[in-house]
Amino acid sequence: GGLTHFDQSGQAHMVDVSAKTDTHRIAVAKGKISMQAATFKLIQEGNAKKGDVLGIAKIAAIMASKRTSDLIPLCHPLAITRVAVDFELQEETHSINCTAQVETVGKTGVEMEALTSVQIGLLTIYDMCKAIDRGMVMSDIRVLEKHGGKSGDWVSMID
Amino acid sequence: GGLTHFDQSGQAHMVDVSAKTDTHRIAVAKGKISMQAATFKLIQEGNAKKGDVLGIAKIAAIMASKRTSDLIPLCHPLAITRVAVDFELQEETHSINCTAQVETVGKTGVEMEALTSVQIGLLTIYDMCKAIDRGMVMSDIRVLEKHGGKSGDWVSMID
Amino acid sequence: GGLTHFDQSGQAHMVDVSAKTDTHRIAVAKGKISMQAATFKLIQEGNAKKGDVLGIAKIAAIMASKRTSDLIPLCHPLAITRVAVDFELQEETHSINCTAQVETVGKTGVEMEALTSVQIGLLTIYDMCKAIDRGMVMSDIRVLEKHGGKSGDWVSMID
Amino acid sequence: GGLTHFDQSGQAHMVDVSAKTDTHRIAVAKGKISMQAATFKLIQEGNAKKGDVLGIAKIAAIMASKRTSDLIPLCHPLAITRVAVDFELQEETHSINCTAQVETVGKTGVEMEALTSVQIGLLTIYDMCKAIDRGMVMSDIRVLEKHGGKSGDWVSMID
Amino acid sequence: GGLTHFDQSGQAHMVDVSAKTDTHRIAVAKGKISMQAATFKLIQEGNAKKGDVLGIAKIAAIMASKRTSDLIPLCHPLAITRVAVDFELQEETHSINCTAQVETVGKTGVEMEALTSVQIGLLTIYDMCKAIDRGMVMSDIRVLEKHGGKSGDWVSMID
Amino acid sequence: GGLTHFDQSGQAHMVDVSAKTDTHRIAVAKGKISMQAATFKLIQEGNAKKGDVLGIAKIAAIMASKRTSDLIPLCHPLAITRVAVDFELQEETHSINCTAQVETVGKTGVEMEALTSVQIGLLTIYDMCKAIDRGMVMSDIRVLEKHGGKSGDWVSMID
């Protein structure tokens, strides 16, 4: 198969999904941000009481999922019916994982919404800690699984 | 130092930059997306003639930089004065690097704008190729260097 | 019952409404802005001929309803099917009431859309008159009634 | 008939479409931008290799269609299911035509989305060439045809 | 004086501030939301550990201040240099006060930004608690004080 | 000169204006919408009392100018300091002219903001009257004059 976002003559378009049926669709995406041990510790402590970096990053991640079709040129707008975002603290590697699950009942999948959510969740962590650790790195941002629609279930082989 | 996005009592705020001077600020961020060899080849060919994935990703990356303060909760709005986005095709690893340079004359740095630009540039590549390669992974998204402002120059040790 | 916007472990999420049926939903919200007698008179006169403060506030109120899910973090996006906004001039108290009725056919209610509409309607009045009356006060912003959905009809006991 | 965007008493509202059925709706809009011969030549050449003005204008046109209800006060939000934008180079008049076809499955038509797409497509051409030709003119922006909904098919008599 | 948002002939415009000097401007706005005792208690407890309603409302309030000129038709866009939002729990009246302080260095004041921030902060509390207390009321939203600009200092007589 | 929105190698970028000085800049744009005599009459009457099409179109035009850099990919964001929009009723041709004057004190011109304002002003008229006259046509949208900046004054030869 070729790239569906281009028509026969190689011109970009927003793919026609008019005839697709509305089905329940789910996508899960994940990524991580790696940082210095001291930065990790500050976030870890903040999370428990004050200076809640992850609480703010979660809100940013949820809100960003609603902006996906504004940001990605050929992405269809759709009405998200659920977003859940989780962070896992990985002490040994002083990194933080972000996982986002997005759902809809519609004509297109929500992989892009889940990935946007993870990206902006991680980026918000970067923003809040950059004054003390400008060298943080975001990696391994990918789709873990998706369900629903004509192509059905798909699960990533990695992770 | 602690996390500047929280005040003494641990409450989140948008940091006061009222007294900062307007200086010329530059930030460069970079990241990559890895894919299957066949996907890489399709992008490579498209770039030369029709089906211009990277041309569209570049526009998305530039436009996203202007949305940064809408997406990142405690990020100050600022008037960007330059954005340049480049893609490099890495044939041996079938991955594509995205580098964004953002500039402003203002009171705060543009690292967040450069990172947002890279993230959305890579994500647009994902969107346009996901129908043939859902397992693409985005990694190594980080700031390479920044200049201007009170903290002056900073260059990443990696890369 | 507890706060539905948090899961079992107290984490914020956008509530899962995937399995809800699309029903016709209506919400009515109301609020008022109080001002000096002279300000009230200017608006009253403007309304009749030139300097149409309330005409502009109505447009702002209608447009704001469409932005609700952009502004409220855990609010589901939905496709509004009707918005009507009305202003009542209360001469004796020199205040202006704003009432907004919003409707949709969807999986979630439109109380938030109706309240956002009222808030921005009143705030636009404030903006247009603040040069002559900075002390205006907005009050009594609440939902009057809602219909549709699983929880059915609800009517406010006050007013 | 009168202007449906006003109620009996002449007050603006977003028309009630709650009871309308979801049908497949299509609209096609068109417009042109006229320029100097030298400007036309630059775009024509760029299109073939580097400096791809029309590729960028196409992306802007597609993205703008998704913003229509943000821009037009009484326009209903809806979920677009297809957007295709084409440019035709008219050598003899050194003008460029832009045609946008937008589709949805919903309660209201997509004429406004198609027109917004054409306007912003043409305006992006203006932006990219204004440094060499500030006198470019955009004209003949109109709906060519629409299908679906209660009012059914409509085709413009001109062109 | 009359309403500055209208010109001589009564037509609305965005007032000309081109010749104004950039000065440091501050505005403080305040408002409250009243609720049932049980709702108040849930928020109070959540604030201390899990289910952090006020943490989320604070982020929404800060982000909303950046959207002010998108929402209020004749409001000038400006680059905010500081936002701080605080909530006070009023146990005796089971209400919550929201205070927002916004600053800029610019040509226009930030009263509208502070009021928008308070409105959306209160509205987010409403959203998160509406499933258990639909009758909450938002009141007393007003500017407390403003500083800077040609009109100088102003302090509200009430509160 | 060539197209400044592309670099030496033909790649699109947001042009570097970091070194430009902030000057007072003004742009005036104009366009028209042509319609049936009956439609023209309805607008004309509405303008005088109820059903104020042009009042709403004016607000939409002013608000749209603030969205320009969101819509046009390579357009710099800037802080508008004035917007004035006027409509002229042309009885003999049953068309309506829209003129927008936009000003800023900044590093780039405001031609794009003035053109966006005119486009959306005309498009809002279309929206409000399309139920009775789908064949309306928007034409002659262009910049009339611009002042300020390095390129100084420019006045259109037509009109």
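Just a few scattered comments:
We just call them A, B, C, D, E and F in the order they show up, numbering each chain from 1.
Note that a contact is a pair of C-beta atoms (placed from the backbone, for glycine too) under 8 Å apart; a residue touches a chain by one contact, two chains touch by 3 or more.
For clarity, every value in this text was computed on a predicted model and none was experimentally measured.
At the far end from chain B, in terms of centres built from Cα atoms, lies C.
When the contact pairs of C-E are set against those of B-F, C-D or D-F, over half line up by residue number only for D-F. The mean-CA centres of chain A and chain B are about 16 angstrom from one another, to the nearest whole unit. Taking the mean of the C-alpha atoms as each chain's centre, chain C and chain F sit 30 Å apart. Taken residue by residue, chain D touches two or more other chains at 11-12, 52, 55-56, 59-60, 63, 67, 70, 73-74, 79, whereas all remaining positions touch fewer. Because contacts link the chains in a way that matches no line, ring, star or complete pattern, their graph is best described as other.
In summary, the structure contains touching chain pairs A-B, A-C, A-D, A-E, B-D, B-E, B-F, C-D, C-E, C-F, D-F, E-F. Taken together, the chain C residues at the contact with chain F in this complex read 52, 55-56, 59-60, 63.
Note for the complex: chain D touches chain F at residues 1-6, 9-12, 31, 42, 46, 49-53, 56, 59-60, 63-64, 67, 70-75, 111-112, 115-116, 119-120, 123-124, 126-132, 134-143, 146, 154, 156-158. Against chain E, the residues of chain F that register as touching in their complex are 24, 55, 58-59, 62-63, 65-67, 79-86, 103-105. Note for the complex: chain E touches chain F at residues 7, 11-18, 20, 69-70, 73-74, 76-79, 106-107.
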